[in-house]
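Here come two complexes built around subunit A, the first alongside subunit B, the second alongside subunit C.
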Partner chain A sequence: MTLPSIFDIGLVILMLGIGASAIIVRNAFAAVITFVVYGLLLSLAWVRLSAIDVALTEAAIGGGMTGMLLLGAVAPLRLAKTDGARTSLPVRLATGVLCALIAASLAIAILFPPETILTLAPTVMENLAQTGLGNPVAGVLFVFRALDTLLEKVVLLLALLGVWSLAPDSVWGGIPGLRIYARPNSTLTFLAQLLPPVGVMVAIYMCWVGAKEPGGAFQGGTILAAMWLLVIIANLKSAPSIDQSWLRLLLVFGPAIFLVIGIAGIVMANAFLAYPSGYAKPLIVVIEFALTVSIAIALAMLAAGPPERVRQQ
Partner chain B sequence: MNLALNIFTIAAVSAGMFFFLAGTIGLLRFPDPLTRLHALTKVDNLGLGLVILGLLPQANGLFGALKLVSVWLLVQLSGAIVTQLIAGSVRQHGPQA
Partner chain C sequence: MNAGTLFGLCGAALVGLGLYGLITHPEPLRKILAFNLLGSGVFLLFGVIARRSAGAGLGGDPVPQAMVITAIVVAFAATAMAVALVLRLLQETGRATLNADNPESTSTDKGNS
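Let's look at the complex of A and B:
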């Protein structure tokens, strides 16, 4: 047995163990922490499968961002007394059956693959040169399956609308109730002053390099969002109230640019979301940068949660 | 030359692994949160530092090496500050908070 395969087997065993303990553990906080660890291990697995783009996204979104959202959901549960109010037996049974169905269908898909595996990968690599991009993942996301990417960004906005609609009427348009941990002169303040410039640089780099190598709008946007949340949590700048027009404009900025360029494609390149030949790469870079800004704001606002207090006039 | 660099990599990464192991044992065995945090900081500083040092000769050019060093510096920064924050919270609310 070679050294890499020993590592892979160890990684898989570790992931199964962590995954199981995330489900078995009774304490919600511990379960979320285990879930984050699971996300990090999963991103290692993606690295081993040479899918660096997916690994970056998994670490940023699957581990970091989802972990933060889940922690935000656990915090109010800890405060509210849920003394022994267990879910009823039919609900638990139905959940178990649904989970078993999903697991079974996944198992069937993996254990009995079709004779010839349908893949478009060679076609992508053949046509990638025409787009001027070096990263096949960026090629698929912005050229070959651009419609999926556009819809994905719109879904992000819908998710944010869902979070915002949890606000009671009295504070609608107010300031998200992110918990502030600031104590004056704490080390957190220091971190929130020192790290954001570095983080912004890394985010711009991630976004720029996405056309050629692993990286892209989602990864860059997550880092930007993290920097913004850090500044808010350290109380250096308060969260904006959600009725600010600049906030709403920036939220739709990325998808709007994407849509405008896509519609321009009908005139310039005879198809929706097609790019005129020779201009594919610059247009895609413009879209990526615009999307990075919108994704950053959408993710930060998702993590900040629904509005909880009214803005002081 | 190449062999010497490879031996250096193996030695430094192994030394780093030793600190990871020691830190993990400390995390599992030490009696209270503050000493456990102390064990973890060794992993961040020395463990990761030695691993990065060992990987420098294998890095992809000067920029690759710089990226590795900045990863170490960023982990140092965040590790030190998160440790401070956890320790501060333990001191204020007690270990169970």
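Let's look at the complex of A and C:
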């Protein structure tokens, strides 16, 4: 047995154990912390599957951002009245059998793959040279499946609209209440002063390198969002009220640039979201930088939740 | 058994675990967490399929990988929406439960009137 396979087996055992305890454990706070650890282990699994881009996204968004969002909801919900009625034992047993069956059928599908395995990898690599990009995943995201990426940004904005529209009328246009009840102590303030400059540099690097190596707008945007949230949580700077026009303009800035370049493609390259030959890489870098800003703000505002207090005039 | 199959089986087990949590947990927050676990299992299965169809000198098929990146971001957006809904429910009714049979749940609309 080689070393990588021992590592893989250990990783899978850890992931399943921690994933199961995130479901089983009684305390919601413990479950969320467990989920964050699970997210980090999962990103290791993505590295082992040679998907570095996915690993970066999973660590940043799947583990970190989702964990923070859930953590923010644990405190208010802890005081909530629950029915106290746990699902009865027969129902749980029946559910367990059902879920085991579903897992088993998925496992069978994995254990017995089809004879011919379809792949688009050669097609991607053939056409990647024309775009001037070095990262095939960025090529798929911004050239071959650019419409998916554009619509995904729209989904982020729609979700943000949904979250904001859950605010009561009285505080509409107010400041999102970050539901983190951390007492600003010296360590948190120190970290919030120390980390953001480094984080901003890492985010810009991540965005820039995304055209050639693993990285890109999503990962860079998430790091920027995390730095901003850190500053807000440490109470060094208040969250912006959602009626600020600069906030709304920056939110639509990335998708708007993407759309403008996409529409220009109809004239310049005979297809929507096509790039004129020779200009693909510079245009994609412009789109990526614009999207990074918008993604960062959208993610941070999604994590901050609906407005909860009115801005002091 | 190669690494791909091993992680594929892990993904299948995670789907089962997440689905179990989604059905049996009464608290909405735990349901959201379980749903995320289920989703990550599905992504992992997709990643294993991407790994299997590796070619042209790449470690995996970049098309499914790009789709998983999109999926992770969309899952986060949906989770944020779900958490906001649960907290709004708590604000309106003082309760955080999906049980509709409870007579207390017929609360009047305070916030938006």
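We adopt the following convention: the second predicted complex is superposed on the first by the 277 of 313 C-alpha atoms of A that agree within 3 Å, B and C clash if a C-alpha of one lies under 4 Å from a C-alpha of the other, contacts with A are read in each partner's own complex, and residues count from 1 in each chain.
We adopt the following convention: a contact is a pair of C-beta atoms (placed from the backbone, for glycine too) under 8 Å apart; a residue touches a chain by one contact, two chains touch by 3 or more.
Here the structure is a predicted model, which means the values were calculated and not measured.
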| item | value |
| --- | --- |
| Touched partner set for A:Leu299, first subunit B, second subunit C, both or neither | second |
| First (subunit B), second (subunit C), both or neither touched by A:Leu71 | neither |
| First (subunit B), second (subunit C), both or neither touched by A:Ala100 | second |
| First, second, both or neither for A:Ala274, with subunit B first and subunit C second | neither |
| Partner chain(s) touched by A:Ala121 [first = subunit B, second = subunit C, both, neither] | second |
| Touched partner set for A:Thr187, first subunit B, second subunit C, both or neither | first |
| Contacts of A:Pro136 with subunit B and subunit C, given as first, second, both or neither | second |
| First, second, both or neither for A:Ile61, with subunit B first and subunit C second | second |
| Of subunit C and subunit B, partner touching more subunit A residues | C |
| Contact footprint of subunit A on subunit B as seen in their complex | 74, 77-78, 80-81, 84-85, 88 |
| Touching residues (chain side subunit C, partner subunit A) in the complex | 3-21, 23-27, 29-30, 32-34, 36-37, 40, 43-45, 47-48, 50-63, 65-70, 72-81, 83-88, 90-91, 94-97, 99, 102, 110-112 |
| Residues on subunit A engaged by subunit C in the complex (per definition of touch) | 4-5, 8-9, 12, 15-16, 19-20, 22-23, 28, 31-32, 35, 38-39, 42, 45-46, 48-51, 53-54, 57-58, 61-62, 65-66, 69-70, 72-74, 76-77, 80-83, 85-87, 91-92, 95-96, 98-100, 102-104, 106-107, 109-111, 113, 117-122, 124-126, 136-137, 139-141, 144-145, 148-149, 152, 155-156, 158-160, 162-163, 166, 168-170, 179, 218, 299, 302-303, 305-306 |
| Subunit B partner contacts - residues on subunit A that touch it in the complex | 181, 183, 186-188, 190-191, 194-195, 198 |
